[in-house]
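Listed below are the structures to be examined.
In what comes next, subunit A is part of two complexes: it sits with subunit B in the first one and with subunit C in the second one.
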Partner chain A sequence: MSSPKVEFKCNCNTLRNLSGLYCCTQCSKLSCNYCCETKIDSYFCPVSLTGLSSDEVTSSLCKSNNRFQCPQCESQLVFQAITENSSQKLYLSCNYCRYRSDTAIGLTFKSMNEIHKEYLAKERLSHTGNDMESLKEYYSKISKEMLKLREFNSGKFHRLLNVINSPYKSSPRLRKKFSTGRNFSPMRSIYSNRYSQNERTKSGGSTVGNNKGEGGENKDDKFSSSLMSSKKTYGSVLPNSKKMKFNYTNLEEAIEKRKDKITNTIHKTEKIQWTDQIPKELKNKFDVTQITSLSQRFSQLATQPRKLSELSPQRIRLMNKKSKQCPHCQHTLIKPEINPNKSTFKIKKLALMIFPQIFISKIPATFQTDKQSELVISFKNPTFNEMKISDLEISSSPLSDLDQDQEQNENEKKEETTANIVVKGKEFSINGYDESAQFTDITLEEETTQETNDDPEFIQQRKLNKVYLRISITPTKSVEMLQIGLKFKVSCVLQSKFESEASVIISLGKVN
Partner chain B sequence: MTLKIGQNTIICDSSELEGDITIGSNCVLHPFSRIIAKDGPIVIGDGNLLEANCVLINEKKGTRDSSAPMRIGNYNRFEIGSEVRSLTIGNCNVIGIKTKLERGSVLKDGIVIAPTVNVKDGVQVQNYTVMFHKPELIVNISSESQKEENKLSTTEQIDFLKNMLPKYNNIRN
Partner chain C sequence: MNNFFGKQIFERQKAVVIDFGSSFIKCGFAGEGIPQAFLPTNLIDLQTGEQLEITSKNNTSQKKIQIWKRTLFKRFYSIFFEILNVNPKNRRVVFCENILLPNFIKETIIEILFEKFHVVSLLSVPSPVLTLVPFKKHVGLVIDLGHLESTVVPVYQEIPLYSKIEYCSLGFDSVVKNLRSVVLNELKETNKEVYPIAEKLPEKIWNQIAVKTCFVLERNAIILKKENKEKKKKEFIADINYPCLDKEGNDTSITISGKARSNAAEILFNGDSQNDFEGIPFRILECLMSCNSDITVALSQNLILTGGTSMVPGCRLRLENELNWLLENDPHFTKLKGLQGKLIFQNHPFFNNYLSWIGGSVFGYLEIMNEKFVSLQTFTEMGLKSIPNWSHFKIEEEN
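Showing the complex of A and B:
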C-alpha cells in the first residue's frame, strides 16, 4: 500500500512533487527536470575544487590533472613517499581499503608530473589508437546493412513503386491494375506472392494472367498480380529489383543465420539450486575473492579487467555545473555560480517559491463505500504578499484523462466517478509569509482570525500563512487507490503581477 | 569489582569502567569511552587506544550462552563509535569508525576493518585482511607489512595523545 501523497502536473503531463518543478515567471508555465533544456556552464575538479577552462578540459580528456581514484573502492588516493636505494620515490595509497600501488602493480614514480604525463599518453592512445578505427569499420558495415533493411521495411521501396506507377493513375483501367492502395506493405505482398504460387501449382498451371479479369474477389490475388506484372513490365526500371531477393524463404534463412550467430556468442543461463555451501566445482573454477565487480570494471572502460591484480589507479573524472532553460520561452530557470567553492545560484525560479504548497492535514483512517468522511487540506503561501486562489474545481476522476478529449470522456466520466465530492466555495485568499508574526502572542492571532468573515463549512481555520479547507467525500466504488483532482488559478504579486493555472492530483488510499 | 591498571596508562575521568577489568601499560582511554564487564572479566593488553564513544562489552547473547573472559591483545586501535562484543582479538588491529563486532566473531593479527562494517557471529577473520564496503562487503588479503604499519600508526598516536590529553582533560589517578 502506497501512502497518501500530493503531486503537481507538469506541462509534459507527468506527475511530480512540487520540489521537483521549475516555474518560469515570464510565461508562467511549469517544467520538470526532464522537459527543460540543460546547458553545461563550467567544469571543476570535485576534490581540489578548482575550475578549468574549456581548452584545459579537452586537453586533459575531461579528467582531473593531479588527483587519482582508488580502483577498489573509488575513494581518493594519497601520495606517499618511500626511500629505496638512497632515492626517494612516490606511490599512491588508499586510507579506506589500504590499497597500495607499489605492492599491487609495482607502480612507483619520481614526481607527480611524471605520472600525469604517463596516464595522459596512455588514454590518448586508447582514444585515437588503432583499436578505435577497427571498431569503427566493423560497426559502419553493420549500420549499412541495417539501413538497407530499414529502408525496405519503412516503405521506401513502396514509394518507388508509386512513382513508377504514377503515369498510369490517370487512366482508370490501368489504375485498377497497378493500384497498390494505402495499406500496402511489402511483407504482405511477398507472402501473398508465395501463397498464390502455391495455389497455382495446386490448380495445375493456371497463370496469373487468367486471374486478371476476375480481380476484386480475392484481395491477396490482386496484390500479387500487380506486383508480378510490374516486375515483368518495369523490371528494367528498377535497378536493384533482381539483386534484392524478396522471397519469404530467403528472409527466413537470413534471420535464422543471424540467430545462430547471436546464440554462438551468448550462452544460455542455467538455474542452479542454491544451497548454503558453495558447490565444489565452482570453488575450484573461480576464486571469488580475486574477481572484480561490475562497478570496478566500469571505472576503467578501456581495459575492463577480470582479476583484482589487473586493476590500476585512475584519474578522477571532472564534474560540471549546469544551467536550465524553459522549453517554451527560452528564459533561464536556474543558473549556478561559476566558482566551484560556492553552492549558491545566480538565478533560481523554483515552483516551491511561487506556488502554494498543499498538505493533507486530516485524513480518515479508512474509506468506506457510501459513507461520508471529512478531509482537510491546507494551502501554504511561500511569498511575502497576499495570494488569491480562484476557480477551484475538485473532481473524483484524475485530471490527466479529462484534458485529452472531452467528448469521449463525457461518457466515461459517469463510469469513472469513484466518489461524490462536496466543496462549498471557489475563491479564497492566503496571507503572506511574515517572519515577525511567528513571535507574536497567541491571543493576537485569535483576534486576526475573528476579523475574517469565512464560511466555516468551507474554511476550517486560518493560521499565519496557512488556510485549511474542508472537503466531504462519499466514495461510491471500492477502488485500490482513491484519487482526487484539483484545478485552480493562482494570482500573486512577485516583482510584477503573476498569474497561472495549476492542476494537482491527491492520492488518498484504499476504499473498502 | 577489581580494577588493575598498568604503568603509563591514561584514563580520562569521564570514561566508564564496570566490572572486573585489567588494562596493560601504555594504553589511552579517551573521554566517553566505555568498558563494561557484565558477564565475565575483560583483559586488555599493552599499547591499546580506545577513542571516544567506543564500547567494549562482555555480555551474554541469550540465556543459554555461557560466560567467558574477553581477551584483547596488544597495539589495537578502536576508533570513534565502534562497538566490540567479540571475545578474542589479536594484535595490531585497526577497527574503524562505527564498526560492530558481534559476539562469536574472532579477529587475528594485522587486520583493518573499514568504517561501518558489521562482522557477524561465527566469522573468523584471518591475518592481514582488509574488510570494506563497496557497497557490498569486500574482503582483501594484503601483505605482512600491514601489521607493522598498524602498530606504527597507533604508537605514534598514543605518544602524541599522552602529551596532549592531560592538558585539556581531567585524568583518573
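Showing the complex of A and C:
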C-alpha cells in the first residue's frame, strides 16, 4: 500500500517531487536531472580535500596519489608509524576491520612521498604494460600498411606513373615493390574506407566460398609485404591462394589434407592465468572466509587473487563537482564553489525557492464509491513577497496528459472519469514568508480573522504563509489508486516579475 | 593540452570504451591495458523498485521503453560522471555490443548517448570481433561463456558469420541454480534445522558460494565415480561449511558437500535434459560441422575461450576432454573425426573477464578506425534511428 503523495510534472513529462526540480528564472520552465545538461566543474580528492586540475587527473588515472582504500571492507586507510631500532616506518591500517598492511603483506614505507614512486609505478605497469604495448604496435603496423594499400588502390600512384611515362613498368624490381595487391586482403574489411567505392567487390563483403578461390583474384595484382608473405602463421594471415586450393566440397577431404599444418603461434606466452589443472587445495577442506569475493577481486583487476592474504590496498577514486544548465535557454541553474572544503553554491535556482509547496493536510481514512468526502490541501509560499495563483483546474483523469500514444488518448477520453470533483473557486493569493512573525506575539487566531473576504467553502484557513483549500470528491468507480490532476498559474515577484505554469498529480489511495 | 615552448600540443583525447554485459559492465579508456571498473548491472527501476530483466518479452510497450530509458540513463550518468570523471560532450565512445542483446536496448543506448549526452561519435563493434584482438588473430571460433547464456560464433577476417551461430541458455546462472537445488535437497534429509535458513538466502549469496567453492573435475574422475565404484582410486572431495546466522543470532553453518561442489558445473557440459539443451561441447562441434569446409580446419586450430564463467577452475581441460571424447564416440560427428587431438585453444596473458574490452581499447586507439565512427552530425542530419551493423559498409540514404 503506497502512501498518498504529491508530484510535479517536469517539462520532459517525468513526475518528480518538487525537491528534485530546477526552475530557470529567464525562461520560467521546470527541468529535472533527466533533461538538464551537466558538466564537470572541478575535481578533488574526497579524503584530503585538495583540488586537482584535469591534467593531474588523467596522469594519475582518475585515482588519488596519496590515499588508499582497505581491500577487505573498502573504507579509508590511515597512516600509522612504528619505531624500529631508531628508524621510523609507516604502515596502513583500517579502523573498521582491523586490517594492517605490515602484518598482512609486509608493506611499509619510509615516508609519504615514497609511496608515490615505488608502489604506484608497479600499478601503472598493469595499465600500460608490455603486453598492451606489443598489441598496439602490431596493429598500428598493419594499419599503416593498409593506408599505403588504399593510396595505391585509389589510383593516385597509377596516375602519377602514367604521367611520368614510367620506367617502372620495365624494371621488375620496382614493379614488385609498388604494384597493387590482390583484391581480397586480410583486414581490408575493417580498414577500408566506409564511403569509398573503389575497393568493393560486387558482392560487397566477405567473398569466402567463391568458386574463384579467395575472392576474385586479378592476375595483374601482386602485393608483397612482410606480413602477407609470412607463411609461418596459420589463421593469422591467409597464405597465397595459388599454392593452397580452397575448393573443397568434402569436409573429410579438407580435414585430411590440412590438419597437420599447425605452426607456431605469434603470441608465445608461458604464464597461463586460469588454471588448467585444479590445484589440490580445492579438493581439501578450506576456510571460506579466507577466499575473496567477486567485488574484492574486481578492485584489483591486474591480479584478481583468490586468497584474502594476497589483496593489497588500492587508491581511492577521485570525485568531482558538477554544474547544470537549462536545456531550453542555456543559462546556468546550479554552480558550486570550486573550493572543495565548502559545500555551498554560487548559483542555486531550485524550484523549491519559487514554486509553492503542496501538502495534503486532511484526507479521509477510506474512499468509497458514491460517497462524498472532503480533502484539504495546503499551498505554502517560499518567497518573501505575495504570490498569486490563478486558473486553478482540477480533473480526475490526469493520465491522459502523460501518455504519449495518441491512440490510447482517444480511448481514455471516452471512458468515464473516476470521480466527480468540486472546487468552488479559481483564484487566491498567499502571503509571503515573514521572518519576524516567529518572534512577534500575534497569535494565530488574530491572523485568521484579518482576512474575511474568503469563501469558507473554498478556503478553510490561512496561517502565516500557508493557505488551506477544500476539495470535495465523490468517486464513481472502485480503483486501486485514485489520482487527481491540478493545473494552475503562478505569478510572484522575485528580483523581477515571474510567471509560470505548473501541473501536479496527487495520488490518494484505494477506492473501495 | 601542453604548453611547450609557447606552442600548444593537442593530445588526442582518449576514447571511452564500454562493454555491456548481463551481469557486469566494464568501462575504461582506450589505449589502456585494464578497464577502470567493473560495475554490476543491477538495473532497478527507481519508481517501482523492480529489477529489469534483459529479455525481449513483455518489454515492447511504450511505457516499458520509457522505464528502460530512465534506468539506462542513470547507469550511464554514473559511469561518465562518478567513475570515469569525464565530460561526455568531448569524447568518442566505443561500444562493445553483445550479439544477443535485444534490439530495443541497443537502440535506447544509442539514443541516450547521442541525444542526452551529446557524445562526439560512436563506434559499435560486435564482441566476437574484439575478442580476437589480444591473440593477434584474424580467424577464430569464439566461445563465450557468460552469465545468462553462452554462444559459439565463428569469425573470419573480422566478420562474424551470423548464420552459423550456436547458442544455449547455459551460463553461470544455471550453475548457481543447480548448486542451490542440490544443496537444499541434501539439507532436507541431513540437517532439518538449517534448511529454512538456507531456503531464504537471496540469490546474491548463492552466487558468492558458487564462486568460492565450485570447480570442475576431469572427465575420467567422474566416470570412475559412476561406473566403477570398486576401483582403488576414489577422488575424495571435502565438504565445506559456509557460515550464516540463526533466527536467534547464533552462528551456524550450511554444509556444502563435495558432491554438490564438483557436480554443480556439470550442467554446462552435459546439458539440461529438462529443457532440451545440449551441452556446450556439443554446440562447438555442431558449429564446426555447419561451417564451410574451407574454414573448418582454420577454425579448429584457433579456439578462443572468453567470458567470466570460463574462469571456473578446471574448465578448459574439461572442455578439451569432452571434445575429444565426442569426436571419438559420437556417431553424429563422424565427419570431423580427423580433428581428434588437433583442436587447439589459444593462450593469452590477460584474464578471460575482459578480453573483448581490450579489443575495444585497441580499436579506440588506432587512427585508421576514425572513419568507422558515426558522428553526432550524421546521426542528426540523416535522421537515423540506429547505427548500421558492423558488416554493413556504407550508410546509405533511404530513397
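By our rule, the second predicted complex is superposed on the first by the 310 of 512 C-alpha atoms of A that agree within 3 Å, B and C clash if a C-alpha of one lies under 4 Å from a C-alpha of the other, contacts with A are read in each partner's own complex, and residues count from 1 in each chain.
The working rule: a residue touches a chain if its C-beta (ideal position, glycine included) is under 8 Å from a C-beta of that chain, and two chains touch if they have at least 3 such contacts.
As the structure is a prediction and not an experimental result, all values here were calculated from the model.
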Partner chain in contact with A:Ser293 - subunit B first, subunit C second, else both or neither: both
First, second, both or neither for A:His331, with subunit B first and subunit C second: neither
Subunit B versus subunit C as contact partner of A:Glu74, first or second or both or neither: first
First, second, both or neither for A:Arg98, with subunit B first and subunit C second: first
Contacts of A:Lys307 with subunit B and subunit C, given as first, second, both or neither: neither
Touched partner set for A:Ala254, first subunit B, second subunit C, both or neither: second
Subunit B versus subunit C as contact partner of A:Arg317, first or second or both or neither: second
Doubly contacted residues of subunit A, that is, touched by subunit B and again by subunit C: 289, 293
Touching residues on subunit B, where the partner in the complex is subunit A: 112, 114-115, 130, 132, 134, 136, 138-143, 145-146
Residue numbers on subunit C that touch subunit A, as the complex places them: 2, 14, 24, 31-38, 47, 62, 70, 73, 77, 81-87, 89, 116, 118, 133-140, 156-159, 207-208, 211-213, 215-217, 235-243, 258, 289, 292-298, 300-302, 310-311, 313-317, 335-339, 342, 344, 346-354, 358, 361-362, 365-369, 371-372, 391, 393-395
Residues of subunit A touching subunit C in the complex: 14-15, 34, 37-40, 43, 55, 57-58, 61-62, 126-129, 131-132, 135-136, 138-140, 143, 146-147, 186-187, 189-195, 200, 204-206, 208-209, 234-238, 246, 248-256, 258-259, 261-262, 265-267, 269, 271-279, 282-286, 288-289, 291, 293-294, 298, 301-302, 304, 317-320, 322, 403-405
Residues of subunit A defined as touching subunit B within the complex: 72-74, 96-98, 100, 103, 289, 293, 295, 308
